[in-house]
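This is the structure I have questions about; it appears just below.
Chain naming follows the written order as A, B, C and D, and within any one chain the residues start at number 1.
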Amino acid sequence: MAADLRARLGHVELPSPILTAAGCAGTGRELAQYIDVAKIGAVVTKSIMLDPRAGRPSPRTAETAGGLLSSVGLQGPGIDAFLQRDLAWLLSRGARAVVSIAGSSPGEYAELAVRLSDAAGVTAIELNLSCPNVEGRGRDFASEPDAAAQVVESVRAAARYDIPVIAKLAPDVADIVTVARACTAAGADALSMINTVPGMVIDTTTMRPALAGGAGGLSGPAIRPIAVRSIWRTRQALPEVPIIGIGGVRTGRDALELILAGATLVGVGTVIFHDPSACARIQRELEDELTARNIDRVTDVTGLAHQPTAPALRRPIP
Amino acid sequence: MAPVQVSGPVLTVRRVDAYHALTVVAPAIATEFRPGQFVTVAVGGPESSMLLRRAFSIHDVRPDHGGTIEFVFEANGPGTQWLAGRRSRDLLDVVGPLGRPFPLPREPVSCLLIGSGHHSTALFPLADRLRERGGQIDFMLGAASADRVFGSLRARRTARSATIATDDGSLGARGPITGMLSQVIHEARTDLIYASAPLPVLREVVALAGRYDLPVQALVEQPTACGTGVCMSCVLPVLGSDGITRIARACTDGPVFRADLVRWDDVGTVPFDALGAPGWKPPRVAPAPRAPRGSAHGG
Amino acid sequence: MAADLRARLGHVELPSPILTAAGCAGTGRELAQYIDVAKIGAVVTKSIMLDPRAGRPSPRTAETAGGLLSSVGLQGPGIDAFLQRDLAWLLSRGARAVVSIAGSSPGEYAELAVRLSDAAGVTAIELNLSCPNVEGRGRDFASEPDAAAQVVESVRAAARYDIPVIAKLAPDVADIVTVARACTAAGADALSMINTVPGMVIDTTTMRPALAGGAGGLSGPAIRPIAVRSIWRTRQALPEVPIIGIGGVRTGRDALELILAGATLVGVGTVIFHDPSACARIQRELEDELTARNIDRVTDVTGLAHQPTAPALRRPIP
Amino acid sequence: MAPVQVSGPVLTVRRVDAYHALTVVAPAIATEFRPGQFVTVAVGGPESSMLLRRAFSIHDVRPDHGGTIEFVFEANGPGTQWLAGRRSRDLLDVVGPLGRPFPLPREPVSCLLIGSGHHSTALFPLADRLRERGGQIDFMLGAASADRVFGSLRARRTARSATIATDDGSLGARGPITGMLSQVIHEARTDLIYASAPLPVLREVVALAGRYDLPVQALVEQPTACGTGVCMSCVLPVLGSDGITRIARACTDGPVFRADLVRWDDVGTVPFDALGAPGWKPPRVAPAPRAPRGSAHGG
């Protein structure tokens, strides 16, 4: 019998733990040409801001070994156009929408949360905390536990009580667990990790940085071990907090790896650029991996790698 | 019209002068294809360290094996080198047909097709389609050297005239292809230009065409990572019908653009007056209309 | 004419900027079967400690996308055996030896530096600061600017004045430039970066961490963009300090990338596992890359990517 | 005797039951090879995301094309799957011959060669060498099922006896190969055992051989990343002739070990009494002698 992939996010039941990662699935429409967006766990939107945003100059991406360096700069339509056009479309297709939001102050995040709470059909709000805190010293919210917690608190206070708030954390901090704790204490219902890893590529032909923005964020399979360690450590410190594991997932086996490390849900980002039907494929592969291991429910194996032994579930695959 | 993802067997990989021509079985793409559209392919095999798809204009479709497509490329970087090493029966992960095709004129008019290097490949299926509809066709083909001029024979066979120029003079006139543009426009009484070339050449073509008030449909190659519109790599600033500049995606809003809508001098930048540019302030009313799509038309 | 690859480390002239990275070239003997160790810039040894060390249980390595996760635990012979056997052998072969040392207190590092100063022929001492500071809170020296500086200071005071002291920095810190500044202020003559990036892999067959040690360090091409950014930022902040760039170098072009970002010398690590003749090959390729760009001396392009334009050197390669 | 790195053209990749046999031209390796040694190959091509070399025992060397080597493998993981897909003329980056070979007995004695699954492949060139020197040979081959018993025909042809066992009984006796070890030792009057098998099987062989005081030379496969001794992946605890346990590298100190020196029950761990183990205190005198190498001998 095929393994049961159903998972939960807050009080919403998802058909599977496989989500898109923020900013990697367009508006959802682009992907819908290749997969049924209603059949994956949820579509996580690109990070929406209050106003439309043109993003960074190009080149915006560079290929790296097993990864991608990118600096898009949150190009997007702004909350108004998003609600009218993109959210409405997602809901009309029966997809579950996790809306990622970004701002430059806790107030902006809160304002966005209010707008999303007024709209029907938002499954959860994800806070992209990898944005410069203009009221602080310009460092990202995600790199300072207090600043991150302040955003979570403002949003939690502003958002409708039954919409889960997810704090998305960045890996380039001295200790991700400290930030995770701060966000959870401030009311985050779940954590997403990881956002991209700061990096840079020099174009050896022009002898200048490959991206117009200079530095960028590294993503893709190259960073998966960094994601796994972040998830592992957070799960160990905060075993009760649901984690959306993100980072370099390319196959169902990769998704399983993140789940074993402690993720309850798994986001797929860069690999969608490589394979537009990745989310559906990974979902199928995950089901097969579980079935081959005689595992009935995906929820049975969340964090399993932390247990010294789990003999019943430990039949090696051939 | 929706693109599909297929795993198609390679039929042949042939050398054509400085290029490689790869033919792959992909019926669903072959039947839906319209000139100007492209495919993307995954390169390097299942354990490849190359994550980004490579984009190629479709150069030819054939009905054999249910439908094949051919694209032509230069093997420069690691992805195209890998492609050059494919052999018959290897499977290729292909997505297509992608992007906005060349719009066709409603009336039979005199069309000038300008191509440079590998960029020319996209113009041949267009020429066939234009001929079917009864228009006049003139070709201009340029490249660095003779072995990089793609399709000169086919151009001569297909078109009323075929003007060729190479940087080193090894085929046709010496110099940039744009050097002869005015002359050809006059002689051919051109009504409409289709251009497929690197950015600097496109800029010149558009500038010259502007002097004669000729409409240009330009196929633009921007750095492509996904080809499906989800990654926002391939952007350039494009004017909407509402007069507002937006940062559009070449892979879905293009690759063919009405040249008068592209802000050619600002490609690679975010112009200060683009929607959502730094400092730009929103009117805070209804959302703006969508990026220009389908609004462009030829002729 | 072929480009001039000669480079300097302190007052020693090296035939090329290509070095082995610490811990990736065995004792040098293993590599000497494939390359002439006297012809590369220098051999950087594995990190030597006072006493012999057995290292971690196995499995110690796991393959990742474009990288390697490892946790060897500084297995090594101790300083006595090193001096008698390995250093003597390197010198007998005409190789330049940069000796990497590791300890658990500033005093241990200093003691090692004294021993190395007494031995003839040490080209430089590299301090592997990615070791737990047992006198502190057990965190690595490399993650705390003060602790790192203290090690540098002790070693600088103990080492013979004419032996350059190189501080090797880790990428998993809030801000690598802060650590770089602290080490330079404490007397480091040069900086090496980066050490491995903390990561983890779960084996989906056993459903347990793939390494016996649980977490490990990520290396190889996967992390190159992280190395490039660290080098870039440090070069920007401390333009006068020589940097040994390390991280994912696989080809001469990769070496050039690190040099353009600001490295004066380049270390090759994990890729030696893939290709035992990597250092010699990369050196050859680097020469070709420079020659193709009409660059006379490798020293001309250190940090070149920081200059907004460098037209004379900017002929794009075909 | 020094290993070399060559880029050799593949001659053939053949299916052999559950395995693939790959033959590659590598004269410098073929001429230097001694039974028990292995090669490592780089997998996945120039843009591969797989950085680690894969190790394979050399199963055969032939003089044609100046010297070819053959190895036999199961296509399980991504690297071996890639190898299975190689075709004739593809170039393969091969390093070898690597590691300590099987030591040969000085006198012609009665040798028992025990192999399991793909591990058996290393024993056939050893058998040939032993026969040249005039010893008696008996073979024991085990595997999960008939299609995984490697070389049963060749073993029957080469050896005085060939005993076969499979877990499912599809060839030879049903059960583990070790089940018949005592009987064979008695019947063959074995003087010396060569074993190449997974760790648990080796452990059992060594334990049983101990009862009869028989020396065992065991080929151990430990997780390999470089194969050249620089990465310290492939370690296991081995006793030195000075009685001190050291963490040795299977790729350079082995892969063939004198079985009585390997601390079989501690493989995968760092025994508390190993040189440099946590808590271990040095005598602070002269450095210890090198790890056991060359000190082991058969017969």
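As a working rule, a residue touches a chain if its C-beta (ideal position, glycine included) is under 8 Å from a C-beta of that chain, and two chains touch if they have at least 3 such contacts.
As the structure is a computational prediction, the values presented were derived from the model and not from experiment.
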{"item": "Contact-richer chain pair [B-C vs C-D]", "value": "C-D"}
{"item": "Distance between chain centroids, defined by C-alpha means - chain B, chain C (Å)", "value": "46"}
{"item": "Where chain C and chain D are represented by their mean Cα positions, the distance between them in whole Å", "value": "34"}
{"item": "Centre-to-centre distance between chain D and chain B (centres being mean Cα positions), rounded to whole Å", "value": "56"}
{"item": "Whole-Å gap separating chain A and chain C, where each centre is the average of the chain's CA atoms", "value": "34"}
{"item": "For chain C, residues that touch 2 or more chains besides their own", "value": "65-67, 220-221"}
{"item": "Multi-chain contact sites of chain D, meaning residues that touch two or more partners", "value": "49-50"}
{"item": "Arrangement of touching chains [line / ring / star / complete / other]", "value": "complete"}
{"item": "Complex contact set, residues of chain C against chain B", "value": "65-66, 221"}
{"item": "Residue ranges of chain C touching chain D (in the complex, touch as defined)", "value": "24-26, 30-31, 33-34, 51-61, 63, 65-68, 70, 72, 75-78, 80-81, 84-85, 212, 220-221, 270-277"}
{"item": "Interfacial residue positions of chain A with respect to chain C in the complex", "value": "64-67, 69, 143, 172-174, 197-202, 204-209, 214-216, 218, 220-226, 228-229, 232, 248, 250, 253, 256-257, 260-261, 289, 293, 301, 304-305, 310, 313-314, 316-317"}
{"item": "Of chain D, residues touching chain C in the complex", "value": "2-5, 42, 49-53, 93, 95, 222-223, 225-226, 228-236, 246-247, 252, 268-270, 274-278, 280-282, 284, 286-288"}
{"item": "Residues of chain B touching chain C in the complex", "value": "49"}
